[in-house]
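Once you scroll down, you'll see the structures, which are given as structure tokens.
After this come two complexes, each holding chain A, first together with chain B and then together with chain C.
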Partner chain A sequence: MKMPRISGFLAWGYAALLVIPFYYLVISSLKENDDIFTNPLSLPSTWDFGNYREAISSAELVPAVANSVIVTGLALALTLLLAVPAAFALSRATGRAGRLVEATFSLGFLIPTFAALFPTFLLAAFTGLFHTRTFLVFLLPATAMPLAVIILTQFMRTIPRELEEAASMDGASTLTILRHVHLPICVPGIATVVLLCFLSFWNEYLYSLIIIGPDPAQRTIQVALPTLQLTTGTDYGVLMAGTVFTLLPVFAVYAVTQRQMQKALVSGAVKG
Partner chain B sequence: MTIQAPRVSTPPVLDHRSQTHSALRERFPGLALPGLIWYAIFTIGPVIAMFVIAFLRWPGMLVEPTFAGFDNFVDVFNDPVFWDAVRNSATQILIGLPLMILLAFSLAFYVVRKPRGHQVLRFTLFIPALISAPATALMFYSLLNPDGLVNGVLGALGFDDGRAWLADPATALPSLIVIDLWAGIGYSAVLLASRMDSVDEEIVQAAQVDGAGNARLAWGIYWPIAKDFIGVVAMLQFLSILFSSAQNVLLLTKGGPGTETTTLSYLIYQKAFVDADLGYSQAVGIVLFVIGLLGMFCIRRLLRASY
Partner chain C sequence: MSEPFSRRTLLTAGGAAAALMSLSGCGAVQALRPASGGADTLVVHSQFNGAVAGADVFRAIVEQYRKNTGRSVATLSNGNDLPIVFETSVLAGKEADIAIVNMMGKTLAWTGADATVPVEKFLQPWGLAERIEPGAIEEWTTPEGHLRAFPYTRTNWPVAFNHRLLEEAGVEIPLTSEELINAADALRSKGVGPVSIGGGDWSGQKLFIQIIQSYLTADEAAEVFASGAFSSSPGAMAGIKHFAELRDAGVFVDSAQGFTSDSMLTQYNTGEAAIMSSMSSALAKVPAERAAETTIGGWPVPPQAVSTKPTVIQSFNGMGVWISENGAEKLDLVEPFVQWLFSEEVITQFVLESGRDMNALTHVTSQDFPLVAQAQALAAGDTVDPVILPDLLIPEAVFEPLTQATARAFGPGTSPEEIVEVLEASYKNA
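Moving on, here comes the complex of A and B:
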């Protein structure tokens, strides 16, 4: 059908506004300041990765990436360890208690926990885990719990009770049923949860900043990146090189999992 | 209940155990407890603590807090900076949110009509949802600096006045709103499109036969059908603007120039971690918490399903 020209213009204009900054980001990361200012959109005259070396060494990005990998990986594992059994139990529970617990998790979406930034910081100090990655590994799964539990519960509800009864008649224990009946069927749901949590854990900034603090041995990539503003001042080439470096893992995952990631992002919001 | 292990096929001991297990399980979903407790400790706990700290006089971590009653709230409501923050947050939301939702809806409408290249468009629209606040902020930091791309393009068009967008009182807050829009429109649009994809093609064709143009189609069919879902997306973006504005402010303007970009969520951060006025900070936390709940309630009322 015929679309009005103006909406097409707006749509593609917006798409251009999304893409051009990345183009600018990448080419600027290979240039010197003068070149960035005088020829903002032209390709660099030489391919110089000096800005990357500078960004990586001055913000200590290598240990920061390692820390981000550790925090994201462990937090993901913990999220699944807590959410899968919880969803399993809620999908099978028939009583009032089950409904109450499920309602608690659903309400979790509506609680603006950000307002409690400072008490979370106090909790870290209180548990002696202040200025460590460890506290973040504990905290992040809690923030993801409502979404993970609700998504997984919905998947597990689709499993017919008969299947489970048959397994239990064959003498399978609860855990065996969870492992061999529910988990295989829930793989798409788990993939959704993993992708969503990967994004939100990898990208988490404010909590990491206040809890982990400035220690280069502990801080994550998102906390390390903005320090470039201070250490390199207004050397925009270095700043952009650091930013590109930080974005690479996320874009790599998006390139590989496109459809899955899009589905995850949509269903994550819909459940919320 | 329904799960009864037959006595003949399994050893009696196992049978007995699995029966008590299933009986217990029906009464309480025990395996959900670890997740629930974890969630309570790390997210509900701090929210409750916030309500306690707001009533304490606590000028710094190393000082013993004392009970303050409503003093913190009196301080907050008498502080002109707080009212600046209210004004800034209100501006950010009342201008940013409706614009974001309307533009996202138009974009979603364009995408679901499947014009040429709509798949490329969908792929692109997800991009801002993937990148972190620091990366977005640094990107705009370099785009908006006096020698950045924005002034470069304006200069090529003959409008360059070397404006420092983020440091100029006239453009600092609008710049932050533009960043919200940049980041929020695409994601909102794909969410809305996912719902609008399910609109029955027959209804659309029938309407077209009756001579309905695109505007009629969008506002007469798609909007009402997607209305409750638009409400959900609006709530999502409302919370995101209200709360995560602190990150952009922290990374780009530190609340300045003056208090031009001090939003409520940044004020909480600033009072807690810069000025060490903990009671004040948490009193603002409660105000923000209540605004969050009220805002969601209003959006829900405004965009209720109407069919």
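Moving on, here comes the complex of A and C:
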């Protein structure tokens, strides 16, 4: 059987392509510049975590991570709070209005991030929330709603109506049906939305830079990290250490949600 | 059927979320409290942050000021993105009272656009006229006669020669182009790279500009870099031809057009290359072992050049202390802080502990940064000719295209005519 061998080889090759940059990132975070440039792929001669200490202290990464967690966590909670009922309603809607609302959500994909920057800035200034984390907590769910609603709506459409009807006959309210029938079945879809939105919110740079601003007590990790890059003489070991530090929460979230996300992908494939 | 998320996972996640929400709400974590923008607080927005040379000193002197005076100072920080963040803050009326930032690109328009206030009227009353280099005041003054900001740090751009590697190759520190070409041959025969340069970024742009300035007077240089009319200047044309001769003679390390300032510094620090043109803040990053075998000098003199001595780029440009419209309403808070920044005590700390070149008059020289001290002594002596740093002359929109054009110039096989064509195109298309 040659095909499985070839596909196995390709899969391992692809995995290596993904692992090598990560390996380079991690080992470089333990080296000095000279070593990074002269022996890029070799293991560090000493296992010194000084670069991590330097990155965390000079870029004030601890409050930056805390701010990112606050903004991302609250924005995620708000996204789910709004997207789940919206998707439930749209998945059950049969009329023209429902289709129109769903199409309106889809239109959100057409707005380029950069184009919305200036109106968003004006809104932040008008509401008095410029240079606050609060504005971003409200803004990020708005940017994620199209994706979250579309994914969850498709998921909820796969749930047989008979389940809902049976629950109704047992006296369940609409909210009860959503909570006890739809939500448990939609967990893979919710996990997918959580992961995608988490990545988008965590990595957001432009709005965090402009709206939250330069206060080290408020800025997010994506704004703090570039302060480790200099015009000349960047210490790449320290920069890599800072990057690894910012990636840790991403891995943690992926570890928690990956099983559900895989389920969501596989269930889609089987139902094909 | 297993639970999609275990109860423990959900409880942990919920607990973590609740704890995080309380962080900002109950004020348990002082570090996450926003800097106050109140009337009694001075807000300072600076590029002294992260790993920038002098960031530690800046943090220390601000803390010292707080302790000495009991006044409240909030510090905000950004890197190269400071200008755009400051400008949007100005639009919202929430800009910092003081900005400490480079004079280049966007910041050149701040005084004319009333984003910051001219500071010439504060020089005498605040006692700073005698503290700052007169040349710096001149360079930081607009054509309309307004001082944009108080000039704080400056730029000194000499050439570092590894005399051990040169001696091992049997040559001395080159003072002329002919000697430089001979040195490059000798170094290459020993397997050592000659002149290391970040041909792909601003460091290559600066060296290219420095080389062609050997054939230009200061006035001609100012005109050429402001207009981009290279082909109508005989001096600029001679300089470009000479640059191509040096490149074709193998003076620059191989593939220089693909390197950056960081790779240049690494090549020099690791002994892979024996020569680099470097600004003084980069000299502060040369390790002690390499610094001990380094001599600071100027760029070798070409034949029939205008300059008669090796050249060094010198400029009073660097970070300045800008006062915003908000700051102008809090002058009682701004004045003592700016005076503190220019005090002998603070300037000494910057020179000794960060290796920075300062625009404030001082007799203190860098001790822990010997190459910076050598560069300062070189600039003060008469063995080199200064050439200009044309950052204030090159239009902002041209800056990046010009760097791409000079990167092309470092590429092998690009003729002087092609170099002129891409240089002029970078001005015309911007």
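One rule holds in what follows: the second predicted complex is superposed on the first by the 213 of 272 C-alpha atoms of A that agree within 3 Å, B and C clash if a C-alpha of one lies under 4 Å from a C-alpha of the other, contacts with A are read in each partner's own complex, and residues count from 1 in each chain.
Convention: a residue touches a chain if its C-beta (ideal position, glycine included) is under 8 Å from a C-beta of that chain, and two chains touch if they have at least 3 such contacts.
Keep in mind the model is a prediction, meaning the values are calculated, not measured.
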(message) I want to verify the contact counts: of chain B and chain C, which reaches more residues of chain A?
(response) B
(message) On the A-aligned overlay, A:Ile210 touches which partner chain: chain B = first, chain C = second, or both, or neither?
(response) both
(message) For A:Ser68, using the defined touch cut-off, is the partner it touches chain B, chain C, both, or neither? Pick first, second, both or neither.
(response) neither
(request) Would you sort A:Pro146 into first (chain B), second (chain C), both or neither based on which partner it touches? (result) first
(request) Please indicate which partner A:Thr192 is in contact with in the superposed arrangement: first for chain B, second for chain C, both, or neither. (result) neither
(request) Quick one: classify A:Phe37 as touching chain B (first), chain C (second), both or neither. (result) both
(message) For A:Phe130, using the defined touch cut-off, is the partner it touches chain B, chain C, both, or neither? Pick first, second, both or neither.
(response) second
(request) State whether A:Asn51 touches chain B only (first), chain C only (second), both chains, or neither. (result) neither
(request) Go through the superposed model and pick first if A:Gln229 touches only chain B, second if only chain C, both, or neither. (result) both
(request) Overlap the chain B and chain C contact sets on chain A and report the shared residues. (result) 33, 37, 121, 125, 210, 223, 226, 228-229, 234, 236
(request) Going by the contact rule at the top, pick out the chain A residues touching chain B in the complex. (result) 1, 3-4, 7-8, 10-12, 14-15, 17-19, 21-22, 24-25, 28, 33, 36-37, 40-41, 82-83, 85-90, 92-95, 97-98, 101, 104-105, 108, 110-123, 125, 138-139, 141-143, 145-146, 149, 161, 164-165, 168-169, 171, 173-174, 199, 202-206, 210, 222-223, 225-226, 228-229, 234, 236, 239-240, 242-243, 246-247, 250-251, 254, 258, 261-262, 265-266, 269-270, 272
(request) Enumerate the contact residues on chain C facing chain A in the complex. (result) 4-5, 9, 13, 16-17, 20-21, 23-24, 29, 31-35, 45, 49-52, 55-56, 74-82, 84-85, 88-89, 91-94, 202-203, 261-263, 265-267, 269-270, 278-279, 281-282, 284-285
(request) Enumerate the contact residues on chain A facing chain C in the complex. (result) 33-34, 37-38, 54, 58-60, 62-63, 66-67, 69-70, 73-74, 77, 121, 124-125, 130-133, 184, 187-188, 191, 209-210, 213-218, 223, 226-236, 238, 256, 260
(message) If we count contacts the way the header does, which residues on chain B are in touch with chain A in the complex?
(response) 1-3, 5-6, 9-10, 14, 18, 21-22, 25-36, 38-39, 41-47, 49-50, 53, 61, 103, 106-107, 109-111, 113, 115, 120-135, 137-143, 145, 147-149, 152-153, 182, 185-187, 190-191, 194, 208, 214, 229, 232-233, 236, 239, 242-244, 246-247, 250-251, 265, 268-269, 272-273, 278, 281-282, 285-286, 288-289, 292-293, 296
